[in-house]
Amino acid sequence: MRGETRTPSTSPRISMTTIHVGCQLNYVVHSPSIFLLNCAVSQNSHQRVRAESLEILPFQPVEECEVGPLGNRVVRLNAPPGELQIRYSASVDLNSETVDSNDVLESSYEHLPGDILSYLNPSRYCESDKLYRFANGEFGHLVPGYSRVTAVCNWTFEHLAYVPGSTNSSTTACDVLLQRAGVCRDYAHVAISLCRALGIPARYVSGYAVNLYPPDFHGFMEAYLDGRWFLFDATRLAPVGGLVRIGTGRDAADVAFATIRGEVGCKEVGVWANDTNPMDQRLSPDNVQTGVSSA
Amino acid sequence: MRGETRTPSTSPRISMTTIHVGCQLNYVVHSPSIFLLNCAVSQNSHQRVRAESLEILPFQPVEECEVGPLGNRVVRLNAPPGELQIRYSASVDLNSETVDSNDVLESSYEHLPGDILSYLNPSRYCESDKLYRFANGEFGHLVPGYSRVTAVCNWTFEHLAYVPGSTNSSTTACDVLLQRAGVCRDYAHVAISLCRALGIPARYVSGYAVNLYPPDFHGFMEAYLDGRWFLFDATRLAPVGGLVRIGTGRDAADVAFATIRGEVGCKEVGVWANDTNPMDQRLSPDNVQTGVSSA
Amino acid sequence: MRGETRTPSTSPRISMTTIHVGCQLNYVVHSPSIFLLNCAVSQNSHQRVRAESLEILPFQPVEECEVGPLGNRVVRLNAPPGELQIRYSASVDLNSETVDSNDVLESSYEHLPGDILSYLNPSRYCESDKLYRFANGEFGHLVPGYSRVTAVCNWTFEHLAYVPGSTNSSTTACDVLLQRAGVCRDYAHVAISLCRALGIPARYVSGYAVNLYPPDFHGFMEAYLDGRWFLFDATRLAPVGGLVRIGTGRDAADVAFATIRGEVGCKEVGVWANDTNPMDQRLSPDNVQTGVSSA
Amino acid sequence: MRGETRTPSTSPRISMTTIHVGCQLNYVVHSPSIFLLNCAVSQNSHQRVRAESLEILPFQPVEECEVGPLGNRVVRLNAPPGELQIRYSASVDLNSETVDSNDVLESSYEHLPGDILSYLNPSRYCESDKLYRFANGEFGHLVPGYSRVTAVCNWTFEHLAYVPGSTNSSTTACDVLLQRAGVCRDYAHVAISLCRALGIPARYVSGYAVNLYPPDFHGFMEAYLDGRWFLFDATRLAPVGGLVRIGTGRDAADVAFATIRGEVGCKEVGVWANDTNPMDQRLSPDNVQTGVSSA
């Protein structure tokens, strides 16, 4: 049974845009290896794939793993030694639902649906259990709601320096809060951890981002407010209205773009996300504050 | 699509026993509080609840949260200030499926079902990503299969001291591997982490345990082998044949017996798990090595 | 050779007061044990011991270990099984040298004496190497000098909660910066770490503190400014003018009051530090900001 | 007063050899910077500098900081923007005192000199306080003495992989014990931490190492046994008889070869340590087990 029945007080505004996204991954495979790829865009009511393709050179059969409840699409393939090129591309209709963020309240703990509760738990890279006093000291006095999550993201943006190479695959939100530097996944982990410590369910989203420079895969977060999920990007590197979801998880551990078993060298990663309507104001890099409901 | 089609080469032996389990939790509530309880036994093909009751004194209405895919049954209730007594009891038919552990192989990475893959990911208390070299140095040379997980559990048992109070709610598997002491949840976290680092999906189980002394809630683990889950208990404090599952999760963060929002003091916790057939050899404390398939 | 030759621009004001300090430590010794005690007050130009006594009951011979360059007085004794009572008391003339803190500049790195440089290094509980960006982000823009160390102490006071029991003997400054709670030693570790990260030599001082409530041993810090050491106490629990030094070290690891080898239970710790002139304004708990040069 | 009076039961064998050591450090200085260099060999009864030179190009005056009680020789210089070349070279008479390691006992805690006690304390990179159970579980049953330290070094050698780049300047012994990989400084930190946890004073030594391949600065450790310090090198990359001491400290934090304030890029580091008598058996890479008393 779902406890959450409140209707948002304003109707969301829906707008549509089409984005072309994709990636080209070039590897040198040294020993027979298994690849798990999670770079295909997710299908849901907010984004519809019009067309997509996945090319493997030289050709290898791929197996699509079962799509779990989060909609992550994982593909598995065996690669023999030699060069391996993986090219994914898709055209995606993005239906953004924007709402007036002033109307978005926090869901009360008492009414959180059962399947949302686990997004309050700490996870590998988001040790929210260590941060109750920190989060409540910094944000506990703020009015609950969308604006409090914005305050968390603003704090994260203001206190961290975006420094490529400053973190690695074992760096956690707590590490980043001390060293005060990181990249997109670290910004997301910090914001997620602080939200959870405040009692706001939060999770990690991997994706493509329009107008991200330099182009790359992107990591951001969403918070559960008022009965639905809203996107936030504490890096301010790309407009939330142009984020195309690939995977959803508790943190980055759940949505690696490529997981590889075997001896493999990565030669090149190319990523793109192009707006078909470059004049779309929603996708302006300056527009970082609109409430975008995502799920 | 499920990749795993191999049939175990021996048919499991099924035996049934009935266990009476339960707990009595007494609190003093200082401010209006919300309780999430996860102490009711899970329902699945291996354990059937014949009868159960949950009493709240003074009476409070309880809400059963949606049961997720893992079968965890979470109950939510509001408690006003004052004394609060919670008493849960159940009679459970336990259908243990035991197999000859020599026949149980590891599932190959190539064939792991998609919904199992996330149990290879590191989690809050099981930082398997830091332990690849450790796990492979200690266990990499062993024959893959049930016996390798047994070796992991034996190592855990032999290198840790069971010391109540030596760990707290933020202690992780890595902490325990250094300090070499912990309690049941820590033993489980260490074994889970080492399994994941070896490429064996593993997860945490909370439950009741027959013949556990002193009686308490118990935490143990299961590993995914040969297309199914098998129970292991690195503490050797109770026979796996007498473990009654409450909750299943990535680690202890997912299956707290009670999560409380509000000012509450815990006065007393009583837990019981009684075998109706005390002569059952399967439930002898000495029988810690039988392969018990659990899900 | 000493690089520092600058004379402080104002002469310090010297005032004297006499403090009676001491402690009573009661143990139950279960097996033959060795005690290292570091509870006797240090002798230096700022504090002179007029009289002191150390009583061990039942009598045990004590060995005074060599006094190192920091002036820590360590006493070693063997204790047979049974009750053990240790009572130390001393009357100390405290010559406080107060200066106008506005005149106190930071020593430039270029001119720091060689024997001071090691107090810029990170230590067990003060991981300053992890905090460069943190410290410089918070305090880098402030005018160097006494007031910047005061700002560090104010930040520490304002962001931490004083919570007895919230930390243990392995808790570090980084742990405390995340959990935002600690006791006196943790406050000192945080302030020391931030100072070192800013390039200000800082170290730990253990001692007796007049007007500390409840009475206990105390831990505070000193920073090297303008060619001398100044005392600071980020807890604001006692006036720096009433701090009587026992030990000096890189952090609390160096100045444990008692280090014990053997099976020993601690029954009771009593500590006192009484001002002979209760009207002394310098020792008012409100007077926490006067610059007190200590060494 | 020194508690230690026991005479080693065998006289040490003294042999002398001359080693030519040195380094060439090339930097590009981007902003006016201060360098602290600790690359000159230490002077003590075991090693005598016959000749040495330090060249700075372009010429800058250098200041020799006060030599502390440990004999570390630190030089400070200001560097203007531009290229900076530092070249140090020395000829050192190495008087190795080798003893029969079977005769070397552990000093009892009761008799450790006061100035040695601090080498039992945990330090930034050697968290011995977390490892009591670990160390005693692995080595507690062994006969105390030189051979127990050898067992610690053997364990370190056998359980770690020497992997350049696997650690960084914030990596501690505990990190390395988990990730099971490191470089020379990490091997030393692990061995030091385990020794301290066993009650054996241990410290870090930086130096030049004959027959190290590829040539580089080296980090190793020494343990206090039987009233004196003995050298150990858990990496087995160079014979202890050919180690030339530069600096001594609690851990690597105390003896960085170069500490730099300012924006500086390192272009090239060259290090050499050449034996003048290549036939010297003592300096054979195979000879890693002789007891060499160092201080």
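Order of writing sets the chain letters: A, B, C and D. Residues in each chain are counted from 1.
Note that a residue touches a chain if its C-beta (ideal position, glycine included) is under 8 Å from a C-beta of that chain, and two chains touch if they have at least 3 such contacts.
These are the chains along with the protein names UniProt gives them: A, B, C, D = Transglutaminase domain protein.
All of these numbers come straight from a predicted model, not from anything done at the bench.
The fewest steps needed to get from subunit A to subunit D, moving only between touching chains, is 2.
In terms of C-beta pairs in contact, the better-connected of the chain pairs A-B and A-C is A-B. For C-D, the equivalent interface among the listed pairs A-C, A-B or B-D is A-B, as over half of the contact pairs agree by residue number. Centroids of subunit A and subunit B (each the mean of its C-alpha atoms) stand 31 Å apart. Separating the centre of subunit A from that of subunit C, both taken as means of CA atoms, is a distance of 47 Å. Each of the following residues of subunit C touches two or more other chains: 130. Here the chains touching each other pair up as A-B, A-C, B-D, C-D.
Residue ranges on subunit B touching subunit A, taken from their complex, read 1-3, 34, 36, 63-69, 74, 76, 78, 109-110, 113-115, 117-118, 121-124, 126-127, 129-130, 169-170, 199, 249-250, 253-254, 261. Those residues of subunit C whose C-beta lies close enough to touch subunit A in the complex are 130-131, 133-134, 137, 159, 161, 174, 177-181.
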